[in-house]
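Shared chain: subunit A. Partners: subunit B in the first complex, subunit C in the second.
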Partner chain A sequence: MIAVRSRGSRALVALGLMAVFLVAFPFVMPLIGGDVSLATRVLVLGLFGLGVDLIFGFTGLLSFGQAAFFGTGAVVTAYLLREHLVPNTLVGLALGTVAAAIAGIVVGSQSLRQVGVYFAMLTIAFSQLFFFLENAPLKAFTGGESGLPNVPRAAIPLGFTTLDFSSALGTYAFIAIFFFLSYMLMRRIIASPYGAVLGAILENPERAAAVGHDVLRYKLIAFTIAAAYAGLAGGLLGVFQGFVGPDAFSIDQSGQIIVMTVIGGAGTLVGPLVGAFIWLFLQSSLQSVDALAGVWKLILGIVFVLLITGFRRGVVGGIITFLRRRKKPLEADIATDAA
Partner chain B sequence: MPDFQLIAAQLLNGVALGSILALVALGLTIIFGLLGFVNFAHGALFTIGAYAGWLTYTKTGSFVAGIGAALVSCFIVGIVIERILIRLYYHRPKEDQILVTFGLSIVLVEIMRAIFTGKSQLLSTPSWGSGVVNLAGIFYPQYRLEVIAIVGVTLVVIYFLIYKTRIGLVVRAGIDDALIVNILGIDVKRTFLLVFALGAALAGLSGIIDGPLLAVNPDMGTDVLIQSFVVIVIGGVGSFGGAVLGGLIAGEIISIATVFVPDYAQVLLYVAMAAVLILRPQGLLGVEGRA
Partner chain C sequence: MAILEARGVTKRYGGLVAVDNVSLDVEPNTITALIGPNGAGKTTFFRMLAGEIPPTQGEITFKGQRITNLNVTRVSQLGIAKSYQVTQIFPKLTVEQNITIPALAARRGPFRVDIFRAIGKVDGLKPLVQRVLGQMGLTSRAHARADDLSYGEKRRLEIAIALATEPELLLLDEPAAGMGAEETHDTVALIKQLREHVTIVIVEHDMDVIFGLADRIMVLQDGKTIALGSPAEIRGNARVQEAYLGGIE
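Coming up: the complex of A and B.
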């Protein structure tokens, strides 16, 4: 009983800290050389990374094709909003998320039958299929290589008035609310019995199957949730940028989100957010230094290789390990005292 | 309706494109077969080969020297990265191996960009390949026929190396059971190194001979790498014949579809891959349980 209550209060503390961070973030960013739009971008990619973390960090599925779902959500949402086919931004985002989830079911049901290297290659190939579909046959809807410009900003008409989020800070707030809700939901998913089975699959898929779990079904559900998160993030990207280009579907986009998640710390829910911050912040600050403008990606690449080689759990994972190690003696003391 | 000549020329283009894809895929599949390792940096090695060849060719005027430079530089880069990084990963999870080679490819590509800038360089066809050949009324660029010939010869050499020599015997035994080969007193580690470097050299060779057909730039390897993944999935992982057959199928799909349904040329390639996966998951020439 005590354990349950302490877990609940820990969750409240985590959510409270996240809320405080989200409120402070756009105001702290200018102090360290960033701006509100950089903060917004960090949240969009952090949200995208939450899904990647669910399948990679918590389930062990390394997909290199997440851009397919990011792009699908982005294009569907942007198209619906531009053509005024939906009454407000929320409906556009919801439909984009659903479209991405459906794409996730289709790709997942084909690629999850394979594991490891084969799975990674298949996800790349499927995302290329999406990229080329978007680029040529569907260009009437997607704008092809030139993309979709003039995506309307976030606005929710309520009848008597319209909630308008079109300012930079307004867009940030709009996206921060989505981030917070998605973060909360992901925490619940991870903590649920369903999340526990994903943990069992991560540790040992054969054992999870042997005790009677339908591993493929669990993986497919996780993959679909990740696709939905990617789709929502893609939709928000369009609303934030006012533009959706074919690069949302690109293999670079898929690789980048993996790199961010791993740098930040796969298997920790704040890892992707931290990774997105590190990547985007270093990119913008290194690019502003003339001597380093051409090599920012090289530096991040080297950091990435070193992290995987020596520091597998990323920045956040490393901090947690460090704190636990420091806390251990204290906890032992308390336990001794209690006894 | 496109005329016969055009289709015949596109069929040949398909063979030329397919033979290059086969060569890239062969390097990948040899490394995968022995080391159980998919090298996501293979596309970056392709790019290094193209740059080394381009640099040597522009400095010396000899395309053959360029080919030599591509082979040697990628062989050396292969040795260096295997010694420094790859060998740390032989016993780590597949996901880590993918991540580290992916990270390595970012590093290698960005080094190329830092040295040569992101600008596309033109690699002109060698003097012995700049003409046009009359094939029964079809005028066809000579260089593409030579590409097919170079790849053909290379494939035969690699085939003999793997299936008819002592080293090849060790490699094939290592693919079956590296532990037993090691117990028999053969240094498998050294064979691993050799195979990795050989695979890298094949990527470099593909890069230089594909150079005149593409533009040389830091990102040229990405598409080729992904297409060669498709080739491997179609042909079957770890299969020599699969790499060649898959390469030719992929090359023909792209070339023929470009004439009839240009918008769908790339799409059809991935549709073909999906079809193979559904109907024959181990690939056309793959052996079941060997993935």
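Coming up: the complex of A and C.
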């Protein structure tokens, strides 16, 4: 028999493991052929993916337009910081996040009445609109095709001194703190009554409405939270790489974050992080082999097809299923709540 | 005073009149049955009572409030719940979670962004979930996945989900559909116990169920009411026997 742990202590264990991972990650990465910068990028996309997981994995909304919010957060934060319109990095990130959330409310309120493939199509249309706005009419602010270079590194002036995160490890730490807090918040959201209703919408939206839940408003708030997560991740991307280009808005970016979430395991919260790691790690390792110069994308594609057919619930979902099979069925049922 | 009043309710689909000028008063804490041959308009009438579709003509009031212009979510929040003929559960959630979802709607209202609250902290939620589990005989199955239930258990969970919205009026659409004799008998016993707490309107094909439960019966044919009365009156009604019951007596 496995001792039945309370929900609270299980949450502490999960958060503790995440903290240990985040501290170890940049030091483990060089041992397996990566570097701190790759680790940082994994966290940025993992944070972006937390929001995608909320709407896709936990609510059942497949949006192919999340890059619109990622890009909005990136551009707003980068612009404010470059032009020194805000006192420090935190305010820049906060305003970028708010801008992305507002964009989320606008797009969500116009697209969420549609469901399934019609919803997905509308999100693509909106993200293409954002891409166009960024590239042409708002060029003066966004830099258009050439993007916004020279985004300042993270720094927080405290008056008597300035907290400086400009080193590679400093930037990692800065982003890791955001990732950890965002992960903790998302766990709270999933475990809350609000999160439980999202789970009902995922399973059976018609019945959720019939028992008295205002499904559209639940979806709109989830969509807005996901947009805010995307915006924060976008803002951090600019701070991390010192540059924001139009590719942050691209349909490629929207597609990649979905694939990462699915490979890692939708509906698990850590899935997007694992998916981002697999994606970026394979990409950088395959690219560095000269013999594969022309075909690395093909190999990446084949690996993804194998991963998706092999792990139908993603890598993390597959691991959870494997661990549960080893327990008694009844206990597996008890452990169903939040991964 | 009637808890539910339907006045001259009509539903047309193009040239087809599915429900034709039907009126019904339902008294509190009674069980009213709707019967009639297939295509008589029972299900359409039922869907209008639940707010799933609006009537073409006529008025439906619940506790004095007009509900004909409200959607299904608002109608549910007012206190009308429906259990479906085709089971509509949350398959991957546990039985307890399935019942928690409607209980959350009853206890928190139609919408709330309470992201910092634990589910267990919602006022009165646990007692409500436990009570409904007990009422529908599902306490021992609370932690089973809804998917893994037997057919009969799924049908009871279907009713439990409706019941957990704390309705004053419960609409049961063929609760015994597809059940064996023994399961049907148990279900009838469970529904009888509910009468103390809630008013019930039931659509059912099984005549044993109907005559075992109903205080009043309304018979529909081709969208029209052809009889309305106590079970004894309906049994003795020549027009009903001719139109529908046929060989039963």
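The rule we apply is simple: the second predicted complex is superposed on the first by the 312 of 339 C-alpha atoms of A that agree within 3 Å, B and C clash if a C-alpha of one lies under 4 Å from a C-alpha of the other, contacts with A are read in each partner's own complex, and residues count from 1 in each chain.
Here, a contact is a pair of C-beta atoms (placed from the backbone, for glycine too) under 8 Å apart; a residue touches a chain by one contact, two chains touch by 3 or more.
Note that the structure is predicted; figures quoted are calculated from it, not measured.
Engineer: In the superposed arrangement, does A:Phe126 touch subunit B (first), subunit C (second), both or neither?
Structural biologist: After superposition on chain A, A:Phe126 lies in contact with subunit B alone.
Engineer: Between subunit B and subunit C, whom does A:Ala248 touch in the aligned arrangement: first, second, both, or neither?
Structural biologist: Touch partners of A:Ala248: none, neither subunit B nor subunit C.
Engineer: Give one of first, second, both or neither to describe whether A:Val315 is in contact with subunit B, with subunit C, with both, or with none.
Structural biologist: neither
Engineer: Return first, second, both or neither, reflecting whether A:Leu232 touches subunit B, subunit C, both chains, or no partner chain.
Structural biologist: Touch status of A:Leu232: no partner.
Engineer: Does the superposition put A:Leu38 against subunit B (first), subunit C (second), both, or neither?
Structural biologist: neither
Engineer: Is the number of subunit A residues in contact higher for subunit B or for subunit C?
Structural biologist: Counting contacted residues of subunit A, the larger count belongs to B.
Engineer: Using the superposition on chain A described above, determine whether A:Asn204 touches subunit B (first), subunit C (second), both, or neither.
Structural biologist: Only subunit C; A:Asn204 stays clear of subunit B.
Engineer: Tell me the contact category for A:Val215 with respect to subunit B and subunit C: first, second, both or neither.
Structural biologist: After superposition on chain A, A:Val215 lies in contact with subunit C alone.
Engineer: Go through the superposed model and pick first if A:Ala196 touches only subunit B, second if only subunit C, both, or neither.
Structural biologist: The second partner, subunit C, only.
Engineer: Where on subunit A do subunit B and subunit C both make contact?
Structural biologist: No residue of subunit A touches both subunit B and subunit C.
Engineer: Please name which positions on subunit A make contact with subunit C in the complex.
Structural biologist: Against subunit C, subunit A makes touches at 188-189, 191-197, 199-200, 203-204, 206-215, 217-218, 221, 330, 333-334, 336-337.
Engineer: Which part of subunit C faces subunit A closely enough to touch in the complex?
Structural biologist: 50, 52, 71-73, 76-77, 81-82, 88-94, 97, 100-102, 104-106, 108-119, 122, 143-145, 161-162, 164-165
Engineer: Please give the residue numbers of subunit A that touch subunit B in the complex, ascending.
Structural biologist: 56, 60, 62, 64, 110, 113-114, 116-118, 120-122, 124-126, 128-129, 132-133, 135-137, 251, 255, 258-259, 262, 294-295, 297-298, 300-302, 304-305, 308-309, 312
Engineer: Which residues of subunit B touch subunit A in the complex?
Structural biologist: Residues in contact with subunit A: 32, 38, 85, 88, 94-100, 102-104, 106-107, 110-111, 113-114, 117, 222, 226, 229-230, 232-233, 237, 262-264, 266-267, 270-271, 273-274, 277-278, 281, 291.
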